[in-house]
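Here subunit A shows up in two complexes: once beside subunit B, once beside subunit C.
Now for the complex of A and B:
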């Protein structure tokens, strides 16, 4: 009998607890649903349509057309031009083989919708790599280049900075604060100031390079040339972000038990050996975390590009997110931009899954 | 025999001296490296602040030497011009209003959800928890465009007071409003996650004692857990503040006029309009200095927040 009463009371208490839980969680759960999960699902749905923001035509289901446009790549082989009378290969004044214009081939029906991405000359022929959205392909490559340089460089520098300020010497906290300060400065402000610093005529960076090289180097047209614009954005981005990873490494370093260093010292390990046999293995998870979060951050590159170069010159600094905003916002092609969003998400997911794999397989060893 | 002792002793002293010298050299080198690095990290901001007080002619004149970093002139002309030519006050108000509202609401909403997930027993708890953890992987950029589609068709109550009459109506889009920059960012999966982890570690005996005293779950959350949560509240507030204050992509997508435009976008727009570097740098300084001062005052908290964001990830 007591059991029945207790059971009844317990059930009621439990039901009350469940109601309270849902009430307390409701604002957050609702917010996450409407502003995160729903848009995420919508991105997938919209990517199969031709929805536009303002359009007189109704939205239609277009199947995989957006993905086809986004990802189609083809190779066109061009034969060198031949002199019709002599039958010899035509050469320009530098002795290079001459080829028909790629545009005339890409105009034909067979390659409808394709545009030149880049060309490769090899084995006496010219290969034109064409894509239906060459700008997206360039964006993708730019993102990979950016992260291939930024991730190892920024993580490595962050670790060096962390080692430097992880010493018990007076004033070290002042330096930590200084190295971290760009992280709290708005990226728009930093981008604007660095446009000035990179100025080819009066910018401080060119002035400095010319001063230390006694005028032999520079001035460089940092943001104005396709060769250096991405490098300029990379240098600035590392400068801005390295303090963040430094602090994460610092926390990792301070979590290493001091006993390990003492034991290594007893065994006669010198400073370099202690770094490679104690510090690095102990920091493994921190290193993987930093590398992956930096990679994902690198793929989100947008603000610097939008403020400093607008994707140019000649698409040298366009990125996936920048292209997505161009298409979805400035050209109002919501359906197409949603397809870019989905591809972007899949790339980020792939990076995260690789991280998971690496962490697990290493810890099993 | 005495001779050898003496020579030994002096040898020992010399050795100590050498070790000391080596240590001093090493320390000196360390400081030299740290100071050079400090210069690299500081020079753009120092240049920005110092130049914002110079007329354009002086800025360009000083660029050729170290005077670029020296306050050779102190004039507020650039600042006057910024206030005259732009809606700076409006942008500043917008940014402060949007960010403080988002962060404050977020602290309450996300901690309540985390409490329900960490401390209460209910059906579906594990499902909701694992969904939220899965949502952590979605970067904002991947949903920005469809979110634009969502907020463009959301209604918002409109209360108009005209001629002493209160009129109720409905707006049919959130574009170019404050709420579009606030409401979508209140609920945040990472904040919930940070609160959740903290609440798991608070001993349950505290809840049970309060339960015996007749306190309900909400009272336990508000009166017992919240006061204990100061470190995690600071972490969440700081991390959210940094992200929201520096947000650029979303305001680009959802604001049109200057009415609700935040500082970041105001800066970018002004940069696109004027060739006057003195004024641009004055604008940039006014955005940067308040945040830099807050950072310097609470730098320990800032750095601890960032450090914990890494450990938890």
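Now for the complex of A and C:
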């Protein structure tokens, strides 16, 4: 399209075509500008201010304050507690060294604004990794964990399903519909249903686990424990979203010319060889698209968290978008939320570009 | 470059951004040359249909009762009501009369979008009203509520009597903390129930602060320093607050209550022995248990019992062209008959004593009279400061964390830091030291 628009050198017909193209595109461009580009530019501008949702105080330029609060990280070293009389190191009942409360140091003037992110005990000392916005840091880590698990698992599962339903057997459309139906159902509804499924007392999943293990396993408090809450959300998200990638893979599969398979068969390739040497290479572009779009979708994780866990327990499921909404709308800090959105945008952009480059270079080898 | 552009475009689609403000398209107030002057009104749509219907009836009644003013009303979805009002305020498109959830009133008043009602409200009306239904901030009255809500402990007489549990009769003999703890332990040990009490942790948002900050206050702590409104240090993380936190954590971690209830039906379906909820839920509970249902005052956790106060209230925008007309409407709906009609339709607590006398349930000796008395005696307003949205969000988060087992002192220290930083960022929200 860009070729048509910019390529018409003196060719009147082409120039006319270009004008028509721009005219036809105009409503969409205008919409994109007003509803996507403009708000984003505004967000960049607001991220340097202390803008509040509503306030009589004028919006002031605060420089990089929002970014400082968002990204500052420092390390504080705590010395173990010493018994004042004997001079020996104090130990708790398990024989571990005891340390002063990290808050007692972080809340002094020197570390104003810092809160504990996590601690590491090593070499007889405790290192407190403190951030000015520990919740943002945890959100970012959670986002990476979620994506790192969901993207390969969901894409792989989607490919498998696509292969399954790409058969010419009667009733295959029923399965296509079943696999796809969670995608078109409202995420809020699905989340509410899964809260019930995960419930330790009345939930189907726990009842099932208990039934098949003859009561030896469970019940598990899926959403109530920091260890399992993210896993629970991952499982549910994969189930919900897999149909979307499946349909894209299906389209990719159906675009592979039949002659390639016939040629491979003539050459004596078995089914597994046909999959690895015909199907996968032919799906290259589809896989790149699915991987990038799934990554972006995974980073947007919000609704499930909002409905099912509210970011808890102990920030185990908080995400960047959840944190942004919390800061911007519930706490009315539009300036700060804008800074989060800008940083988040840059991170996701970087990931998408790296992903693109890696996949393309690999395929060229 | 094309690829980069395409990715950028795809990204911007996918990510979306925090949009700021929004455009409000609404009908301009029609100015009829003759006849009554039109006054625009907004209210939130309620989950409770009767409330909406009663409100519509009141508006129509007002329009028919005189021919100087005509109220033209719109109903906006409750979920996004605060956002809609904020957006309209930013674009200067607020209607004349509108209702607000109590704790959001100071934020709008501080921002200059409301008109003080001091000159309109008579002493007579004020004396007749529940203090918790009057929206005050910075020494002025900004909004009046037709009704209020109150918290109580609901139980079943048969269950309590069977287990030899004392049923408090009124405001004089609420359960003490030790008594309450013992009762909860007893009830939880029964096979019949999964948990002793449903704390309605299924709800998210304002419920957490509305329901659980009064418990904090009854322990002797508070959300913020009510003298200066400039810090939460020592109030939300002082020894009394820690005591509250330890108790709150014990309640959930020892299985007496579910920190992540999957629904709001545990008491109705007999899975929980008690329910800690407000009077608006009474019709649902009564339908389930009929006359076996008992309403009991909230326990005294040590520093005297406390419940939340402040429901939806009516105010006048500062851009209103006809404040007299707007006030005429508010005055009309605050009449005893109107207040009683609203209460009869919805079951909500009438905001005036004269109105309460005209209702069946809330008049002296009525079945629900205890709610009026509790509201009058024990209601503690959520802090009337523009910083309330942050306080509420931070408190909800802290309470959830504590319920799920986080370190109490650390969590409350972090909450205090977040609240204090927000107050400092906003130059004290108008409470700056002089």
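Operating definition for what follows: the second predicted complex is superposed on the first by the 327 of 365 C-alpha atoms of A that agree within 3 Å, B and C clash if a C-alpha of one lies under 4 Å from a C-alpha of the other, contacts with A are read in each partner's own complex, and residues count from 1 in each chain.
Please note the rule applied: contacts are C-beta pairs under 8 Å (C-beta built on N, C-alpha and C of every residue); 3 or more make two chains touch, one makes a residue touch a chain.
As the structure is a prediction and not an experimental result, all values here were calculated from the model.
**Q** Sharing subunit A, do subunit B and subunit C clash or fit in the superposition?
**A** Overlaying the two structures gives a clash between subunit B and subunit C.
**Q** Which chain, subunit B or subunit C, ends up touching more residues of subunit A in the combined arrangement?
**A** Counted on subunit A, the partner with more touching residues turns out to be B.
**Q** Touch check for A:14: first (subunit B), second (subunit C), both, or neither?
**A** Only subunit B; A:14 stays clear of subunit C.
**Q** In the superposed arrangement, does A:186 touch subunit B (first), subunit C (second), both or neither?
**A** Only subunit B; A:186 stays clear of subunit C.
**Q** Counting only touches as set out at the top, which of subunit B and subunit C does A:146 meet: first, second, both, neither?
**A** A:146: touches no partner chain.
**Q** For A:224 in the superposed arrangement: first (subunit B), second (subunit C), both or neither?
**A** second
**Q** With both complexes superposed on chain A, which partner does A:290 reach: first (subunit B), second (subunit C), both or neither?
**A** first
**Q** Check the residue A:34 against both partner chains and state whether it touches subunit B (first), subunit C (second), both, or neither.
**A** first
**Q** For A:344, select first, second, both or neither according to whether it touches subunit B, subunit C, the two together, or no partner.
**A** both
**Q** Does subunit B (first) or subunit C (second) touch A:334, or do both, or does neither?
**A** A:334 sits against subunit B and subunit C alike.
**Q** Regarding the shared-chain residue A:117, is it in contact with subunit B (first), subunit C (second), both, or neither?
**A** neither
**Q** For the superposed three-chain arrangement, which subunit B stretch in 145-153, 199-207, 235-243 or 289-297 runs into subunit C?
**A** Stretch 145-153 of subunit B has C-alpha atoms clashing with subunit C.
**Q** Go through subunit A and flag every residue that touches subunit B in one model and subunit C in the other.
**A** Overlap of subunit B and subunit C footprints on subunit A: residues 32, 35-37, 39-40, 42-43, 46, 51, 53, 195-196, 202, 293, 296, 299-300, 324, 328-329, 334, 337-338, 341, 344-345, 348-349, 352.
**Q** Which part of subunit B faces subunit A closely enough to touch in the complex?
**A** So the residues of subunit B touching subunit A come out as 27, 30-31, 33-34, 37-38, 40-45, 47-48, 60, 63-64, 68, 109-110, 112-113, 115-117, 120-123, 125, 128, 131-132, 135, 137-139, 141-150, 152, 183-187, 189, 192, 216-218, 221, 242, 245-246, 248-249, 252-253, 263-265, 267-268, 271, 277, 280-281, 284, 287-288, 291-292, 295-296, 299, 302-303, 306-311, 313.
**Q** Under the stated contact criterion, what part of subunit A meets subunit B in this complex?
**A** Listed in rising order, the residues are 14, 17-18, 20-22, 24-25, 27-32, 34-40, 42-43, 46, 51, 53, 161, 164-165, 167, 169, 172, 175-190, 192-197, 202, 204, 207, 239, 243-244, 247-248, 250-252, 255, 286, 289-290, 293, 296, 299-300, 302-303, 306-307, 321, 324-325, 328-329, 334, 337-338, 340-342, 344-345, 348-349, 352.
**Q** For subunit C, which residues are in contact with subunit A within the complex?
**A** My answer: residues 2-4, 7-20, 83, 86, 89-90, 107-108, 110-113, 194, 204, 258-260, 262-263, 271, 386, 389-390, 392-394, 397, 400-401, 404-406, 409-410, 413-414, 417, 421-422, 425-427, 430.
**Q** For the complex, which residues does subunit A have touching subunit C?
**A** These residues of subunit A touch subunit C: 2, 32, 35-37, 39-40, 42-43, 46, 50-57, 101, 103, 107, 113, 115-116, 195-196, 199, 201-203, 223-224, 226, 292-293, 296-297, 299-300, 309-314, 324, 326, 328-334, 337-338, 341, 344-345, 348-349, 352-353, 356.
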